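Structures are listed in the sections that come next.
Two complexes follow with chain A in common, the first pairing it with chain B and the second with chain C.
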Partner chain A sequence: MRPIRLACGVTAVMLATACAASTGTTTAPTPDAQESPGYLTVADEKLPAGGTLNLAVHIDSGAATGYDPQLADVATTWQLLSLSYETLVTIGPDFSVQPLLAEKWETPTPTEYVFHLRQGVTFSNGRAMTADDVVGSLKRLLASKSVWRGQLGPVKSVTKDGDSTVKVTLSEPYTPFLAALANVPAAVLPMKEIDDKSVDPATTLLGTGPYVVENHRQDVSWTFKKNAEYWAKEKPAADTLNITIAPEEAARIAALQNGGAAMATLGNVDSSTMLAGAKDVKVVTQATTDFYYLMLNTQAPNSKVADPKVRQAINIALDAQQIADVALGGKGKPTAITPAGLPGACDPAALPSAAKSVDEAKKLLAEAGAQNLSFTLSIFNTEPAPAVAQVIQQNLQQAGVTVKIEQMDEASWAGKVYGKAPAEFDAALSWFAGYADPGMVTKWWNPETAGFNVGFMKPDKELNTLIDAAGEQPAGAERDEALAAVCAKADADAQMIPLVTRPATVAYRTDALSPSLYATEGYGNVLRLVADARVKKSR
Partner chain B sequence: MKKLDRLTVGGLACLAVLVVFALGSLVGAGGDPDAIVGPRLQPPGPGWWLGTDNLGRSVLPRVMEGVGTTLLLSSVAVLVTAAVSATFGIVAGYRGGYLNELVMRLVEVLYSFPAIVLAILVAAVLGPGQTAALASIVLVTIPLMTRLVRAAAVAVSQRDYVTSAVISGARLPRVLGRHVLPNVAGTIAVQGTYALSVGIAVEGGLSFLGFGVQPPQASLGVLIQQGGTYMIAAPWLILGPGVVLVAAILAINVVGDGLRDRLEPRETRSLT
Partner chain C sequence: MRLLMWWSGRALSSAATLLGVSVLIFAAVRMMPGGFAETVLGPFATAEQEAELAARYGLDQPVLLQYGHWLAAVGGGDFGVSMISRQPVGAELLARLPITAELTVLAVAASALFGVPLGVLTAVRARPGGGGAAGRLLSGLGVSVPEFVLGSLVVFVFSRHALGLEVGSWVPLTQDPAANLATMVLPAAVLSVFAISVTARTTRDAVMGVLVEPYVTAAVGRGESPWFIVRHHILRNAATPVVTLLGTITAYLLGGALIVEHVFNLPGVGSYIVQAVGRRDYAVVQAGVLLAAAVFIVMNVLIDLLVGVLDPRLGVLAGRRS
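Showing the complex of A and B:
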């Protein structure tokens, strides 16, 4: 009987596959990395430069907002634009601020920053970068509708002092200023070309960075060529960078295994297990300050979560440790709104909601008349968000809250969550980059600063005052106290509930590539050191 | 009346077991399919007889729920398909003319799309979920069933008893409902079983692509998609749903074959 033979064959194949499991996870830092604290792996500089580096990533973002760095508002776009644009300062290992286009800087007073520009820097069209480009870029950013404008803090003036010095004056001290300058929206743009309209930054990438765009096919691929004018003569190591967009995790894994990609970003927290035994493939996990958070829409008509007691009950019922252990396979950790892992961040175990029980959540729901609360949780389908959502569902079920999960692709999800004011969702799940200063991401809890969340979040004056106060404090014990007050207030407000840090997983072929990767990352940019990567063999 | 052969009886028994399996999920046998019961990715053992998945949920109740979801979805879809195809096929076959041409051309348009492409198109319009899966299965299975019902209706319409009914003044609904429909019912029943297996395959395909049922609800497609991701590290995740899916499709096809032999003994036709 043919069908029976077929069934037996299928079952036999399944059993044979089942028995083919192998072992050998490879997440430990390389010997080089062990000698270089702050790194997961360090590129072998003895290898010759040149060659083609093939990368696979999950999404081609940026088309919605265009490619103007100042208007880019998601980490995946920052990652891409960082290949062609650079900032005055950058983030080094362990979240330290390092020089980039500014060779050095001084802070004569807490409100003054004097940047000494690097000499010999040119844009990829060959024109030398000037102080006017720096001043013009920052002024353009401050005058724009960029979401990043609020992160720069209370900038009073930006002026040049000679051809190679730029002075920024703040109206008040603002501790995260340098960390805010280190992100792509604060990149130095070719202002002369932008002003004379010979370049439109929304469509053309023209920066001082190591790579220049050669070709782009939306949702298919990007090809970058080495910037021949790049100021650091030994960089970038690879001549060509091919980035393939492969939304399916399985496709990226397959590309790694068959050599089609030398490096890939992965979403599944079990990637190292799934790739265990894969020949010449190494999987590493970066600890990040990025974190998942739950949005509760208080601005929708007839919002089910408008009552603070309901939101607090949800916050209490959420078990961040279980989310970290189960949904993220132990690779994330609970966090308050100051990202866990950053110096000065609050202890999530010390939050008021952490000390309360599910019974207290039920009591709050009863007091709010919401014993049979049910709502829809909108999520995007990129791993591990669906897993996080399902653990949230299980957590809230313990408090008698019914959650229906609505899963969609990232573009549809963004349209639903950010597309209208008031927004048309009950609850949604996303993640924030956590940056390099614990006060930065707290600014997104002020919708008047963030902008993107006015459709679902009501401003809280007391919280906003606390956030601003923490920003003004210099690093130290007093600032830590100020941040603790922000964390407690945001915990009680619970319109956006921080959950767990988001690990970033990268896999690469050891026979094809010797990359450099920081052990920590705060801006969602796993490609931060791609210019250092040495290609062993190109396919 | 010819007796059912042993293979058909075996197929029916297999389907019965699957239905009992699915009904067991409704009464909570096997446990809560969504509950986190143990460590992640544990191999089969006491407490989780088919192992645990990436969220520490027992695979057994999830497979039971998945069988129920997939069978229910496919069965409802096939009933809708049968109703639509019977209506249009009988009317087109009996009346002929422009109506027949119109129905057949529409059916050919639907038929020209590969099943999974049509299903993805529907899911893209309606959004992911059970509604999209249901509509997709209906649209995928309608063309073949309509053509076969129409062909049967054409043959039945030439029969003397139909002519007699018309001459004796029977109205159109009576002729179609009393004289044509009962005589094409065998074709509908046989084709229904094939449509059921196609439906299961389409649901599996859609859920595999993320357009089908939404988490945490399990369907065979969802479970196989997840199991495929962990095939090397946790093969028990794909083993259970994979075997059940193969068994369900085989059983339905075997039963369909048996019904065809019983109801249409003179026709010879390939399974595919």
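Showing the complex of A and C:
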């Protein structure tokens, strides 16, 4: 009887709450609705600047490399560091490359980039940014162990030409170069202070960005103050930025509803439903180029997926649209290895595997002698990965493949997938940041470039050649064709199978904040336009 | 002399227990799946970076040597440095301890204030129709509902209907005591539901044991008032198991209310340990668990002393009779 009474009581409370919550001024969730082209919402500049902006995010920057932007390799860290650091160029709402610390640039030849630096830019300690800082930062990045070093492409030299011009020469054309320069690891650092060792970038944030760190308690909170020296005099609008780290989704939702936070990032696609009807709360879904992918381990001694026919059968049987619809609430999009949504990205419907049926998958399995294939899919327990895995399991069941889902915490998952070479898993689910150029993430399909994949993936020379060729092609129809060839080859190789894009859900209080948000984001940076946000009221 | 021997014995057994815990936790964190390198540095890290990190934190040394260095450092009050924040673990634990302590004080106070009267009431009204069944039902329910279920429910309800209280945020006591209390009441209430229930049940059992004693019957025969009997004859004699329980609950909560701190996003010791486990931040997990064990040992000593004051027959200086 006790469980029944408890269940009745809980249900009654939930119903009462839901009914009561549906009263008052309400705003329904508006995923993907664009307020103006390229923007989910645009800050109202008529509102006065100033005030304190309270945010809640799910995870802190947390790496043994500290605050050093060049060694930052995950989007959550880029997001926080981007408040204090800036790059030569940035990414616009349509993924176009736009000026930031470089006021303009020229490309006299396909391998030369000449950047004209913005005047009046200072670091937050008051020292003016110089061409030496830019040259030193890029050289430091190229000499570092940063994963971003590979994304910059074949840089031959970085030199200054006078006090306000910097020239970068590549050894061969590399189209994603500017997009790679637009991310936090390529930020301009205070090289004078780093060189004389008065500043350690691993422990101190000293950049040209709109905010200065006042306080940081790891995994608890950040407090940023307006950079009084910031070069764009009308920015940032908010004087203070408090960021609370709240790993529990329910706590972020609660803070948002009770006004403790004016804006919060949400990880669960169902959270927008939970917030439907919440007074003065608006939920928006930002499309990102990040995407989920399935790893098939061909390097294990007795790999069940070593035969390309088996991998192709698995690829054919997967229904990316169903994953997007069921596991991501219709907010993700099927993708090839060039992230869906980026200009020039391949059409996933045009991939060879997309045109084939489950019967053809069964035939391939039969040809490979793997009719009763069964394997374990290792996933981490962060939503919505378990939901994605369940749809994969059901998809593959249609082809007669039995999938056992092994769910673990992220650390255990990372140990299993990346801890040993050869890796000890059968299949694993993960996601990549998709970046801002369709050629960038394709580099991770080459384990000789992406050493983290070497434990489970064999290099494919033909694919690697195609990836490099696409990188050299200037944007246009020829590059699109080159990228399509990469997509098709990766689709057939199927050691890493791209699935669906990974949307970002953001909620904010309309009575407390007028934010700006891009409709699409390449570097997972929800806070990209936070300097524009206008605070209506704060607690 | 007997007191000295008692203290010596307790000190030795406490040191042995702590040593055992230190060995267990040191080995356990290293046996967890998912090494520090993949977790702390991420999958993009090179073998060289992993080697650098291992060298920086001494993780490239033989395990026994690592243990020896760690133990020696802890003995000197140095709990090491977090691999994530690069900050001293001891300082962070000290910064978080007041939050956990405040949560503990509130929850234990609620347990004593509500659990003890409820237990007494259900015991003295144990006859059919006396209300004892309702009390037992309530305490049974409180013991049965898991903290994460109750916590999630409270977060859900109070995020929509604040009623002057707050969930999902935390305000330091030094910054605004009233706002701090508003953020601490609900997590403390969730924690205290279990504690109140167990306290009520233990009190009830203890009181019922005392009620059948001849001195209570004699007091009734003397015509003493029920309240007088409860206060002077029952409570004191039934106090030992209740005090022991409250002390144990205090020790348990001081070690970190892991689930409640996590659900309510309170930056206490519990959430620090949970996050450190997830990130394989060895120094933090080791220090947190060792601290929890130390608190438990100290609390047990205090309970023994307090029990001796309440009932000298059971005290540390009581003679042994066979």
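Everything below uses one rule, namely that the second predicted complex is superposed on the first by the 492 of 539 C-alpha atoms of A that agree within 3 Å, B and C clash if a C-alpha of one lies under 4 Å from a C-alpha of the other, contacts with A are read in each partner's own complex, and residues count from 1 in each chain.
Here, a contact is a pair of C-beta atoms (placed from the backbone, for glycine too) under 8 Å apart; a residue touches a chain by one contact, two chains touch by 3 or more.
Just so it is clear, the structure is predicted and the values come from calculations on it, not from any experiment.
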Touched partner set for A:A366, first chain B, second chain C, both or neither: neither
Partner chain(s) touched by A:T203 [first = chain B, second = chain C, both, neither]: second
Which of chain B and chain C A:A56 touches, first, second, both or neither: second
Touched partner set for A:A349, first chain B, second chain C, both or neither: neither
Which of chain B and chain C A:A143 touches, first, second, both or neither: neither
Which of chain B and chain C A:I405 touches, first, second, both or neither: first
Partner chain(s) touched by A:A254 [first = chain B, second = chain C, both, neither]: second
First (chain B), second (chain C), both or neither touched by A:Y418: second
Doubly contacted chain A residues - partners chain C and chain B: 6, 10, 14, 17, 20-21, 250, 408
Residues of chain C that touch chain A when the two form their complex: 32-35, 38-46, 48-49, 53, 82-87, 92, 95, 137, 140-141, 144-145, 152-153, 155-162, 166-169, 262-265, 267, 271-272, 275, 278-280
Contact set on chain B toward chain A in their complex: 7, 34-36, 40-41, 54-56, 127-128, 210, 214-216, 228-233, 235-236, 238-239, 242-243, 246-247, 250, 253-254
Contact set on chain A toward chain B in their complex: 1, 3-4, 6-7, 10-11, 14-15, 17-22, 249-250, 268, 270, 273-274, 276-277, 322, 326-327, 329, 381, 386-387, 389-391, 393-394, 397, 405-408
Chain A residues within the chain C interface of the complex: 2, 6, 10, 13-14, 17, 20-21, 56, 62-66, 73-74, 145, 147, 202-203, 217-221, 244, 246-248, 250-258, 260-261, 278, 408-419, 451-452
